[in-house]
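Take a look at the structures listed below.
Same chain, two partners: subunit A is paired with subunit B first, then with subunit C.
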Partner chain A sequence: MHEIIDKLVLYFQFPFVRYAMITGTLIALCSSLLGVTLVLKRFSFIGDGLSHVAFGAIAIATAMNLTNNLFLVLPVTIICAIILLCSGQNSKIKGDAALAMLSVGTLAIGYLILNVFSSSSNLAGDVCTTLFGSTSILTLSMTDVWLSGILSALVVVVFLVFYHKIFAITFDEDFMTATGVKSKAYNLILATTIAIVIVVAMNLVGALLISALVIFPALSAMRVFKSFRAVTICSVFVSVICAALGILISILAGTPVGSTIVAVDIAGFLLFSLVGKIISRG
Partner chain B sequence: MPETIQETLNTEALISCQNLTLGYEGKIVINDLSFIVNHGDYLCITGQNGSGKSTLMKTLLGLKTPMSGQIIWGNGIKATEIGYLPQQTQIQKDFPATVREVVYSGLINRTGLRPFYTIAEKAIAEKNMRKLGIGSLAGRCYRELSGGQQQRALLARALCATRKILLLDEPVAGLDPQATLELYTIIKTLNDEGITIIMISHDIDNSVSFASNVLDIGAQQSTDIMKQNKE
Partner chain C sequence: MKKTILKFLILCLVIIPFAVQPITGCGNDNHNENRNEEAKEVFDSTTGNNSKSAREVDIDLSIMSRTMIFAEVNNITSNPESYLGKSIRLKGSYFAAYYDVTDDYYHFVLIEDADSCCQQGLEFILGDDYIFPGDFPPDMTEIEITGIYSSYLESGQTYYYIAADVMQYTEE
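And now, the complex of A and B:
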């Protein structure tokens, strides 16, 4: 026990470990708050889909020889997310299918463009970094910490102010519109928030981790709790605790951070499924 | 025909529909329908399956745009004073929500930008739950209720949203005979309190005895309004 604490104290003297801890838990908090809505609206895979969109945009930026591709990639990805999320319950192509179409389509087109136009020799490497996040969670800077701090403050405020509206949009958008509530406006606010969070977080911690952080805590909480409020609160706690645990374990065991967090989330999900089974039986 | 509509338009109608043609992707469902609804009316819409009753109601609510024709809402009514009970909602099987959360969501059109419900608003929701006999189910999970209980919860939500007019798409579907009668009584009471009712129903007997007007959307695309003056 003593050794473990010593080791942790030692590691936490490095700024990048502290940055990873703070940013990781903050992003876990944001994504779990929005995750419940995303899972219920059938957009669980949005993190993955958007990372492919970002890849397509990067390919175009490369082909156009843009030096700073962020100015193209961020707006394009955010706009795609908003279009996806705002298309609503009544669109011809439902959420999951639309997402899959966009994700596969942009990936293929992006790869095609890179192959035709790119002079870079390390094509496979380029593809890999864009899909799994250009920066690792362990290479974050002080700016990134601030960015994630501002982001989570924004998300928490939006979520608290619009909590009842978010519930209603997710539960039954048509009813809201029919009874004179500007559901389109609220949907746009929600979609924009989600889009910004996913895109920024994707750049910070990678698409794989962001997808896991959206899906697992919400699903875990839904195994046990039956009300929207309880599920939301529980998924926030699960998400933050799993992220912090995952980072600690990865430090101690020397495992990759992102995949360790996902593994802890999976363990959490199994635990909650078990608890849910026991509760429904007893 | 046009003269009579012109005449009625001059009076203060709550809703007047003129030459409405409704349909999906060029396929016409209702052709050239005109009617008016006055304050305090209890309008019952009947017709066969697929005749376009739900389509008409969605169009009245602005969820669908008509292919031609127009709907004019009289002044003195705001969109936030409408209550609505849909025929079916595509609520996912796994949606975590209690009955109370569902019913409270009917209050949202009263809140505007305010992020929370006031005590008075919560009292309205609690009263409506008791009225519909689901007070004891308030804490239960919505998806674990029976079809009829879910219907009552959605109706309580609609009551929370309404202040002037209530649109109901087959409200008694799935309710037992006693609940059906209770529901008709509740709706009649609301109507007597001054709330305008537009209700779709297959239950001709009851609708004729409770409603003040019946709109029959026939299969042969001709529509006629049977006005019943019960006074």
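And now, the complex of A and C:
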């Protein structure tokens, strides 16, 4: 144990480790806030779909040699999030089918574009890193940290300011519309916020594992708590702790960061399931 | 009971940032090299790695996990000028590449990331005592090198390398 602590003290001398911890916990906080809403609205896989869209946008940005791909990735992901979440009941292609189409289509086209136009010497490695996020969180610059921090703060502020409206959209959107509240506008805000979270979270766990970051903390909290507020607070707690633990374990054990965080999330879910069973029997 | 658990969780959310502060070093912005060396000495004495601890280095990658090594090497290659003059110890796979334009061999230490899908390499140059190929191991042999991070100019381009005085490996 003493050796582990000494090693951690040594590792935290490196700025990139501190940046990873700060950014990782902020991303975990944001994703867990919106995860509860997404899970309850049956949109658990939207994280996956939007991350694939972001991957496709990254591929196009790489082919265009953009210095900062965020200028393309963020708007494209926001537009797709709006299309998916605001399409409503009258759309010809319903929610899950639209999500599936967008998800696999953008992933395939993104990889195709990277293969045809990329000048990278290790294309497979770059794709693997983007999809699984093995060390992306540990290679952030100060600018990336500030950007992630600002976007995360924006997400938290939006959630706090529109908490009651998000609550209403989550449980009874039709009633909200019937009472004259502009549910479409709030759906738009929610979609934009989700897109921002997904784009930022890709740095932490990669495109393929983002859904875990969104789903597991919310589901873990739901094993124990029943009220929306309690589930949200617990979800934040679980997500931040699991992300921090995951990063620490990965740098100590030399494992991929994204997969380790998801593994810790799974362990957290199992623990909370056990606690939930004990409480319900008591 | 659930209210109690919720209160406990909220309390932890407030307490944890303060508890973590001593470990993360937040608020302590002094880039104190002595602190880094002290931390390494504590670690070396704990692990009994005394044979290498006698030779102090600024960045000892040989005692770090694969994830950390890959991330730090990425930083070195992304911001090479901020590492010039620093002593580095590094373990990895040896690889030699021939460049026909200069008619010379270049020597590298390769490091893989945790997914084993990406590799990065740092060039190193040994002293005149080492003659290629006799004094060098076969490709992909695990080696450890120690040296100073330096740069040289070739064909109008700046290249960065480790001016290594020591190369250690196990002969098969």
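Operating definition for what follows: the second predicted complex is superposed on the first by the 220 of 282 C-alpha atoms of A that agree within 3 Å, B and C clash if a C-alpha of one lies under 4 Å from a C-alpha of the other, contacts with A are read in each partner's own complex, and residues count from 1 in each chain.
We take it that contacts are C-beta pairs under 8 Å (C-beta built on N, C-alpha and C of every residue); 3 or more make two chains touch, one makes a residue touch a chain.
Model, not experiment: these values are computed from the prediction.
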Of subunit B and subunit C, the chain that contacts the larger number of subunit A residues: C
Partner chain in contact with A:L72 - subunit B first, subunit C second, else both or neither: neither
Partner chain(s) touched by A:F225 [first = subunit B, second = subunit C, both, neither]: both
First (subunit B), second (subunit C), both or neither touched by A:F175: first
Touching partner for A:F14 - first (subunit B), second (subunit C), both, neither: second
First (subunit B), second (subunit C), both or neither touched by A:L40: first
Footprint overlap on subunit A, where subunit B in one structure and subunit C in the other make contact: 225-226, 230
Parts of subunit A lying in touch with subunit B, wherever the complex brings them together: 40, 42, 89, 160-165, 167-168, 170-172, 174-181, 221-222, 225-231
Subunit B residues within the subunit A interface of the complex: 58, 61-63, 78-84, 86, 89-92, 94-98, 101-102, 104-106, 108-109, 111, 115-117, 140-141, 144, 157, 161, 167
Touching residues (chain side subunit A, partner subunit C) in the complex: 2-3, 6-14, 16-18, 21, 122, 124-126, 128-129, 132, 134-135, 138-139, 224-226, 230, 233-234, 236-237, 240-241, 244, 250-257, 279, 282
List of subunit C residues in touch with subunit A within their complex: 1-2, 5-6, 9-10, 12-13, 16, 20, 23-26, 35-36, 39-40, 42-43, 46-47, 63-68, 70-72, 74-75, 78, 113-115, 117-119
